[in-house]
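As written, the chain order gives the labels A, B, C, D and E, with residue 1 at the start of each chain.
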Amino acid sequence: MTNSLLECRNVSLSFGNVRALADVSLSLRPGEITALVGDNGAGKSTLVRCVSGIHRPDNGHIVFDGQEIDFHSPDDARKAGIETVHQNLALVEDLTVWQNLFLNRELVRGFGPIAFLDRRAMQARAREMVSTLAVNVPAVKSRVRRLSGGQRQAVAICRAAGFSSRLVIMDEPTAALGVQETARVEELILRLRDEGHTVLLISHNFAQVMRLSDQVWVMRAGRCVGGRRTSETNGEEIVSLVTGAAGQ
Amino acid sequence: MTNSLLECRNVSLSFGNVRALADVSLSLRPGEITALVGDNGAGKSTLVRCVSGIHRPDNGHIVFDGQEIDFHSPDDARKAGIETVHQNLALVEDLTVWQNLFLNRELVRGFGPIAFLDRRAMQARAREMVSTLAVNVPAVKSRVRRLSGGQRQAVAICRAAGFSSRLVIMDEPTAALGVQETARVEELILRLRDEGHTVLLISHNFAQVMRLSDQVWVMRAGRCVGGRRTSETNGEEIVSLVTGAAGQ
Amino acid sequence: MANTAIAAPEREAWTARLKDVGFWAEWAALVGLIVLVIVFQALNPTFLSAGNIASMLVAAAILIILSVGQTFVIATAGIDLSIASAMTLGAVAFGQAYSMGMGLALSCLAAIVASGLVGVVNGVIIARGKITDFIVTLGTLSAASGLALILSDGKPVTIIDAALLRLSTGGLGIFGWSFVIAAVVAVLGHVLLFHTRFGTHVLATGGAAESATAMGISTQRVKIAVYTISGVLAGLGAILLVARIGAAEPAANTAFLLNSVAAVVLGGVSLFGGRGSIIGPVIGALLLIALVNGLTLLGVSQFYQPLAVGIVVVLAALLTRFQR
Amino acid sequence: MANTAIAAPEREAWTARLKDVGFWAEWAALVGLIVLVIVFQALNPTFLSAGNIASMLVAAAILIILSVGQTFVIATAGIDLSIASAMTLGAVAFGQAYSMGMGLALSCLAAIVASGLVGVVNGVIIARGKITDFIVTLGTLSAASGLALILSDGKPVTIIDAALLRLSTGGLGIFGWSFVIAAVVAVLGHVLLFHTRFGTHVLATGGAAESATAMGISTQRVKIAVYTISGVLAGLGAILLVARIGAAEPAANTAFLLNSVAAVVLGGVSLFGGRGSIIGPVIGALLLIALVNGLTLLGVSQFYQPLAVGIVVVLAALLTRFQR
Amino acid sequence: GPTVSTAGAATPNVAAVIKGLDNPFFQTMKQGMDEQAKAGGVALTVQAATSITDTTGQADKLNGLGGQPFTCFVVNPITGTNLIQGLARIAAQNKPIVNIDSPVDPGAAKSANVKLATYIGTDNVEAGKMAGQRMSELVPAGGDVAVVGGIAGDVTSGARVEGFEQGVGTKLKVVQTVAANWDRQTALTAATDLLRAHPDLKGFFVANDDMGLGVSRAIANAGQAGKVKVISVDGIKDALEAVKAGTLDGTVAQYPYAMGLMGIEACQAATAGKPLPGTVKSPVELVTKDNADKALAATPKPFGTYADPFKSLIQ
């Protein structure tokens, strides 16, 4: 595992007496789509939250782009170039689409030491982001509260994809989406890869995983129980790893 | 459509200027699994909420078991024998598993006019429900807040299946579930049918729909655009109905 | 299975519980009360004398009753800011009825009806009008105290009644009658909240109103009911107040409002609703009363008392931080 | 497409807006204010005389300033119950500094520092201690008024200062200086809330703290900041209060607390956070002041005033019901 | 005193701003005003603060009335300075201002160019002093007494307590002072605690009658009736009855009725262009069991005679 953009080494994390992550080691190659699969409660989202700076591991190291990282906040992770589409989307319902897209990334115009929001610029950029990604989202000035589940997911994905990040993490991005919307998101994921981004995709949809990913890692009960090149495996093998039917 | 348990005739409903349902007509045969598919925002959940008494249609009739119904509250629907697993699960996080299972169905022991909760009986019955359905849920006395997404979905399904209802409606019951959990829920759905319940299943997973259902209805933009016997159709035809590629 | 970690044994051992910080947090008010009692007793031995305990319990009676009412409201994620004004109105109604010669029983009924009506009005406006509890009860706080002034023409009515005097001075051993009444109210409140369908529906309404509605619970009816309970208990409080001071006055009683909310929150009940406890708020009320009593016994200057109360409230709240 | 129904045109036509009940609801306080003005003016023509408008605006100044501070706190889904006590403490600090001969400027600074410190303490305990805003600020409400009593030894200090007198009596035309200051505060508050990154983060913290955290916003820092703003504005209010009543007193000022919350809620700001407006609360404050002023002009009996205030508050809140 | 003339206004149109009406003391004051206004054919508007601590609310009320065509103003300010701003505007219109009960701070009045037509009232320190002297007669020398005040930091309460301390001098020992917020229930609880804390307590001075009745109740509840003395201030009817019944050992009656009545008289005189005396002392009487009957019979008027310099001016 020499050439890797992100590498987790023996990452562990417990919540009280729930051991959510136990010595997880895995790595992501740059420019690839890596999938992470596993049962409900296997620890996938927890691992993602460690990488994106929400949790700090109790033990272990995370190496990003050759450097060991120790994020103190999600802000650090975003600054380092890691964007995440969280499972709960992390949108603020009472803010507008453009405000959500630029949350904590607001464009400002400064007058001396005081900086004012550049609303025009943000709205224009937001419209652009939204249309470039060709996802059917509503007016950028409407509040997220008015959006349907699928539209929200689209906004969250736009936000993660819209900034020049090195690594885009997507935690079950298509769970609530219909067929058409799912197809669009899959297109987007492939486009992100083609543009040189590295993508970490979490999904319960094995067909999707087999279709999109270059590499699959499997988690079970807080452990990483194996990794396969997608081209060298098949759905059955992954299922048996997930369920623990396969000997490790 | 003579022999049907539930029949919707020209049901319409608008929220402000959003026409969520427009002249929807469909029917469910007793003892069958009927699937309802459609894009995000097509109106599926809204239709379900009309049938389960949360919304009242602006227009149209709903006939259940030969009688036209006019539910004024979800309670009426439950009393008539319609149980629903809502998309948002409708669990109360701060109550325990058994309290959620018996919510508004509490067992009481009366002393004259005063009735006290029969906690023992409810806990025992809850344990039974949970184990009969063989879904891996935790202790019935733990709060739902402590449960993982999959476990919650299981509790909501248990609640709907646990009472002797005529019709069980499930709105995307496996959206957040892993492979193993999904398999269990699918088994449960088949078991419910075998026990004589009628099931209405909403799902974005077409493979699942083809696997389980006897009949499929397709909604698009608030309209019901067609129905097929599952045995007489295939995935492609359904997709083309959903996307509107097929001429109607 | 990934899930097994969650499937804890149904009954945790008591020893394990005692080591759990969450356990202590749920009993923050009790811990605080015990600490206070130890400190005050060490500094002034009259604190735990039978006489002083008796007078603390009597002084706590009204606050306990109001806190029980407030608990029901807060359990539905509401708040009753009008509880003290409703009590004032009840007291004034009592006074007017009594001075019209309607007798004790009818006067008590007048108090309960007047305060109860404030509760019903709150409940109906909140449930049917779908307005935030805070602003509605802020409005009725003002309206009820205005009505009390109008009814009484701003004048106190002295009530001299043998039965009322016995109520406020007699009792069973160290338990004055008014405390006995408060204790009965607390027990009934506990049973209602945890052993009836209604109680479960109260908690469900506070925890997730939408889910409760989907399960066929009429959250509107629950809201109206809890505000009515709160109003009726304010009426009961009014009777005890009249008995205690021997007069029906249109005084504002603002302290009772803030103290009732503080007692509930110190008792570990979340202002976001969905969780409840009756014993907690009762202990919270005792804590607040014991604090003022102890500070007075120790001769702490009147100027230092509010500071001490503030610090204890924040410290006790810090304990509840570890809850859940 | 099913989704097109939602993709409304970005700018709704004004005519369409006027027909929309939601539009009226957002401006409930304004509608209420206009109705009140029309009614009072019809009943008593002095109501809209220049002199009366001037005195209403001056009377509203302190409340406006406190409401702006309260708006920032409420926008983060908090509530500052200590805002009036912090003002009292600020006033007392002013009085002590002034009577020590520290001069006007330093005394003003003392007021702002003292009140600001209450805000900082609130913010730090709430953010770091993760305790509910309600109980922490209830504690500091008590603690700050205790401190004010201790500092002042319970005695008011009469402040006779020409500059302060000019501040409270002079002005630009019908706009007294204190109203001018309040207006400047409101404008600055609006700019801060809607035209800076900080303002967006305040709304995000109130709307969805978890999402804000996930996007790298330090909700703790935001919380500390809004309580500090609230405290500092309470200090500014304290200076105006001292100028207005010509004395620094350790009085409780409870009415300012309830009125500041009422103004914010009447201004259409949700107590659940995430939404804000500065103009709304300002109009809410004017509404409350105009109400009392008009009732006084009409010679409505003292006893009927609380009733009238309560009814108007509930009615105005009923209007906001149609919001969203 | 200053003479103020208003251009030939035949019947005075008087506005009065007093303290909180939720207290019987100020209601009696209003009663005195109303009755004199009726008798003299004076148009009268009375407004009161929401409560006895509502300094800014009271100022707002005066400002509201200040812009209207009244010919004379009667004010009872909550503090020495809180009404200064509104008074400055009224003074600028050259309308007479009659100050009753609590005095307007002279320094503040001077700096704001406010000239008062007259001041009618009693000194709260004086009232407290009378109570203190009476207490020293009732309680053996060296005995312990406690003080129950109004809201901590309240001016009126402070002045009465200060007077009481002057009145008892070194003869008695004030062991503790508590604040009971002008509230009868709170006073009852506080007194119960004080009796427990100081078993040798011989007397209570209470800053108003309403609280005084609560304290006497606490003493009765503790079975110490007669052994512990209570003296309060105000002279409301219920308190006079309690003095008669012996549950209260005395009250210093301040006769707000007379203050209100003389306030209106002063306005009548001022409107008629008569010169007013600068300061008029309103009656204060110590009511004890001996004279309680007389006091009750006369209430709300004083039972003794008192000087009313305005009577002759408006004849």
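Simple rule for what comes next: contacts are C-beta pairs under 8 Å (C-beta built on N, C-alpha and C of every residue); 3 or more make two chains touch, one makes a residue touch a chain.
Chain by chain, the UniProt names read as follows: A, B = ATP-binding cassette domain-containing protein; C, D = ABC transporter permease.
Quick caveat, the model's predicted, so the values are computed rather than measured.
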item: Chains touching both chain B and chain D; value: A, C
item: Of all other chains, the one whose Cα centre sits farthest from chain A; value: E
item: Interface residue overlap between copies chain C and chain D, same or different (over half shared); value: same
item: Cα-centroid distance, chain A relative to chain B, in whole angstrom; value: 31
item: Where chain C and chain E are represented by their mean Cα positions, the distance between them in whole Å; value: 36
item: Geometric centre distance via CA averages, chain E-chain B, whole Å; value: 73
item: CA centroid of chain C to CA centroid of chain D, Å; value: 29
item: Residues of chain B engaged with two or more neighbouring chains; value: 38-42, 148, 150-151
item: Overlap residues in chain D, where contacts from two or more other chains coincide; value: 1-3, 6, 149, 154, 254, 302-303, 305-306
item: For chain E, residues contacting two or more additional chains; value: 21, 51, 152-153
item: Parts of chain A lying in touch with chain D, wherever the complex brings them together; value: 52-54, 73-78, 84, 86, 88-95, 99, 103-104, 106, 108, 114-117, 119, 136, 138-142, 146-148, 150-151
item: Residues of chain A touching chain B in the complex; value: 38-42, 148-151, 172, 175-182, 204, 206-207, 239, 242-243
item: Contacting residues of chain C [partner chain B, same complex]; value: 1-3, 6-10, 191, 194-197, 199-201, 203-204, 206-208, 210-218, 274-275, 324
item: Of chain E, residues touching chain C in the complex; value: 21-22, 24, 27, 51, 149, 152-153, 175-179, 181, 183-186, 188-190, 192-194, 196-197, 210, 213-214, 217, 221, 238, 241
item: Footprint of chain D on chain C - complex, ascending; value: 125, 129-132, 134-136, 138-147, 149-150, 153-154, 254, 258, 261-262, 265-266, 270-271, 302-311, 313-314, 317-318, 320-321
